[in-house]
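So the structure is just underneath, and the comments pick up after that.
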Amino acid sequence: MHIGFLGLGNMGSAIAANLLKGGHPLRVWNRSPGPAAALAGAGAQAAATPAEACEADVVFAMLADDQALREVLLDSGLLARLPPTVILVNMATISVAFAAELAQRAQARGIAYVAAPVLGRPDAAAAAKLNILAAGPDAAIDAVQPLFALIGQKTWRFGAQAQQANAVKLTVNFMLAAAVETLGEATVLAGAHGIAPQQLLDLLTGSIFPGPVYQGYGTLIAQQRYAPAGFKAALGLKDLRLALAAADAVAVPLPVGSAVRDSLLDAVAHNEGGMDLAVLGQVAARRAGR
Amino acid sequence: MHIGFLGLGNMGSAIAANLLKGGHPLRVWNRSPGPAAALAGAGAQAAATPAEACEADVVFAMLADDQALREVLLDSGLLARLPPTVILVNMATISVAFAAELAQRAQARGIAYVAAPVLGRPDAAAAAKLNILAAGPDAAIDAVQPLFALIGQKTWRFGAQAQQANAVKLTVNFMLAAAVETLGEATVLAGAHGIAPQQLLDLLTGSIFPGPVYQGYGTLIAQQRYAPAGFKAALGLKDLRLALAAADAVAVPLPVGSAVRDSLLDAVAHNEGGMDLAVLGQVAARRAGR
Amino acid sequence: MHIGFLGLGNMGSAIAANLLKGGHPLRVWNRSPGPAAALAGAGAQAAATPAEACEADVVFAMLADDQALREVLLDSGLLARLPPTVILVNMATISVAFAAELAQRAQARGIAYVAAPVLGRPDAAAAAKLNILAAGPDAAIDAVQPLFALIGQKTWRFGAQAQQANAVKLTVNFMLAAAVETLGEATVLAGAHGIAPQQLLDLLTGSIFPGPVYQGYGTLIAQQRYAPAGFKAALGLKDLRLALAAADAVAVPLPVGSAVRDSLLDAVAHNEGGMDLAVLGQVAARRAGR
Amino acid sequence: MHIGFLGLGNMGSAIAANLLKGGHPLRVWNRSPGPAAALAGAGAQAAATPAEACEADVVFAMLADDQALREVLLDSGLLARLPPTVILVNMATISVAFAAELAQRAQARGIAYVAAPVLGRPDAAAAAKLNILAAGPDAAIDAVQPLFALIGQKTWRFGAQAQQANAVKLTVNFMLAAAVETLGEATVLAGAHGIAPQQLLDLLTGSIFPGPVYQGYGTLIAQQRYAPAGFKAALGLKDLRLALAAADAVAVPLPVGSAVRDSLLDAVAHNEGGMDLAVLGQVAARRAGR
């Protein structure tokens, strides 16, 4: 299959490289030219425009947000010119509402739209260990599953409505931020009673809270190591905003979500938006004057 | 060593049974006589009064709450009559403030007071797989460690101030309730977008949220199986109250803790206090009219 | 001055009628024709299109929300065709971001854009007793002040950036919803201790909480009179969403705002969005199982 | 009537002085002797002990908190020695639970116990303009009403259970703190959009939020005048703690109450507990990095 790829940030570049390793002809495009040039060195074809990259059987998009995607696919008229044989696979974390709009517009043109946001950071992407959350027309997902197998460890399927995958992704990211906020609050509480953060963390991960979230973010909090960011607080806030919007659309109150959003705003207000999401530990400490 | 044991609820009985299996002479007391009789059948001596049970080298206490402990140990004058050679090991989840008071009163009499709350439910207690959070005088903990080895898989030590172990225990229980509340909110959010609870749960536990909390409570929420209770919502509320009090005492705001407390009050207000903590999933659904 | 008026809901119709009474030639337009016909009976000219209504010296707009305004003014190309001599006075409660966008687009065409959202309900509008919150170019506000004097009791000026008036309006509506939520929580708390709502309300309004908010919404809550709605909960939620968005844009956490938003979502989730904002009292009672 | 008075802080001294002006023989006691000496200069009799002050027909108590009252009345055995002819009028803001306990103990001895917490600050007390919230046996309130008339502008009666008056007082103080927190959040939100605090305040108090709370605390916030304190943030926190405990006892969630409590803890954590409650404005600003 000929593949097009739009958006070569850390995640996109790593995913595209694995598709290339799979032996598929690949056309790549990125707003700034550097990343496309790098992939060209590995055998990809650097496209001059998004439209050129989309001359393919399957088009992957991993752009920054709703706005970037809207500009590249809709405002440009690109989606309206794609042939109905194309399968469009959008891996970005976008809003549920915009995913639904995109799916509807694609469907109106007979194009199969698959939402496939992922769990995993750039290192997991490089190692082809992503968890892929997929939703959209079954046949289309079946068709691209061999490609998903090149980039992820597992594909989780969440229904025929593309936006369902985005709803799940936002739900998981809400849970992630809530766990980090809780870790932050807990660390300050225990710390105020004389417990070293690492002591608490060893107990947590050695008993009822194993797993990468508590281990990873707990370590960053314990070591107050908030930069460089693996996952920026500002992006965590963006995702939480989208999760709250998705909840608002179906009238679901999320009290913990609201509390976490307020803490993330506190971080951004203190110029910590570029720091790692773990900086929620610092927000909790600041609130307690510690 | 001669051991005394006060308080034979589900947890206390299981722990006492393991101490007995270790070959130590054991005197047990409980407010209602049934549990003591059961252990007597296994070789323990049923004491007629708390004081009689305390004629021992080490006294374990696993009473319900601050109030029960205050009545049995302080109001009765029992603590004031214990010989200074006794080591008092309190395993109950009590307030940090009362733990500090008890430690101070014990110390004033030359009695070694060890706080040793545990992580683990009755089945873990029966299997001698508890995680024991210990704080107090080092020598005293060293002395009772052979007994801890009979009942737990690991002893975590948190300092010389007994109440520090209680602070850690309350911190962990706050985190537990926060995780369950978050799971509840997440399940309703995803559900409102057409995702079955079990689908979400499989993803969570199969990716970034492994471990007994998400697996166990997630299953209960997915199956709406809130009774019989493994850990009652009303007890979760009790512990959260104590966590918030411990935070208040050191001026640490816990926004997520506050949100969880409000949800637990909602549960109790709807006669769900006797249900499992997982009923927070039902509270989240009710709030969303689902 | 020739006046154009777009949007004749309850508020718009009452305001337009007062402008008409002031002796100014008035062209009115509304999506559905009924309200324009009614004003035509009083001497206004019913315009067939928004563009026709805008053939005037001053154009007032009182449309429902961002979306309606965007369609009528921007998507239609109307703003781009208005002559630079027009003063555009937007009285609707819209988002700060969209107000800024409108002001900028107007300015780019040399059109004076005045934001003039109001405090007051339809009866205050009919009585020409509105409080008008105005921001925009000083000269333009000076020019329309004689018209404001026909419809309001006072004009409050908030700066040269039009969107500042919107920021103030959203701030006040946030405070209004917060006061009603607080009243609701307080009524349930006191009620659970045997205090009748009216007893509490008499004390509040007779001591430290006089004024229309506590008196008016307090009475509705005390009498559980949630319909017909004076100000719908769904509109309160819309405004709170805009307030939180305005806060988000400048990184200001609003914990009370978040709590109120969650309660309003609870109302909407229970099909109470069409009831009066006072229904927050019912939400508080439901949460407490009362 | 012979009157006894326990507790001569700012409030107690002002109230006692007005009782004295009413021509009643007055015995006063305070932990530190200064205030009693001052009143003695005006004709009161300084009692050497609480018991001596209680040799009276009516005993007023205005002690600091539950703890002070428990020591003076219960731990000392004083209540148990009072003759059943005494009417005990407790004006302090204490917990609902302790008020109920006191009422029950008094009743067991045949003593009439009246709860009479007040609304109003020391200047209102000096001017005999307090609002008195009274609950307890009707006959006893009737009997002391002539005394209440000497110290307050109005007596509000809330039932035969003394603790009901305390529930109302705590409810009102919760509403007060919620209004101040809301003012603080609103001021920061508007301020971040370029609105001066005084501008916002003028609008609020000149339109829908008249009254002493918004005017008084709004001015303090606008001027960032947090010391000296009229009503200390630490006392506001104490009262909110009691309000939340009263709510917990009847399973009433108070989300806004929880949010305000967290902000007050933030204040105390930053050594602002001794500042005026208005410092919640500073907390809101700090959270927003302003």
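Descriptive notes on the structure:
We call the chains A, B, C and D, going by the order they appear; numbering starts again at 1 in every chain.
In the analysis below, contacts are C-beta pairs under 8 Å (C-beta built on N, C-alpha and C of every residue); 3 or more make two chains touch, one makes a residue touch a chain.
For clarity, every value in this text was computed on a predicted model and none was experimentally measured.
Think of each touching pair as a link: the shortest run of links from subunit B to subunit C has 1 of them. Of all chains, the one whose mean C-alpha position sits at the greatest distance from that of subunit C is B.
Subunit C and subunit D, compared by their mean Cα positions, are separated by 38 Å.
Here the CA centre of subunit A is 52 Å from the CA centre of subunit D. Centroids of subunit A and subunit C (each the mean of its C-alpha atoms) stand 38 Å apart.
Shared interface positions of subunit D, defined as residues touching 2 or more other chains, are 247, 251-255, 258-259, 262-263, 265-266, 269, 287-290. Within the complex formed with subunit D, the residues of subunit A that make contact are 255, 262, 265-266, 269-271, 287-290. Taken together, the subunit C residues at the contact with subunit D in this complex read 96, 119, 131, 133, 154, 156, 158-159, 161, 163-164, 167-168, 170-172, 174-176, 178-179, 181-183, 185-186, 188-190, 192-195, 199-200, 202-204, 206-213, 243, 246-247, 250-260, 262-263, 287-290. Remark: subunit A residues 241, 247-248, 251-255, 258-259, 261-263, 265-266, 268-269 touch subunit C in the complex.
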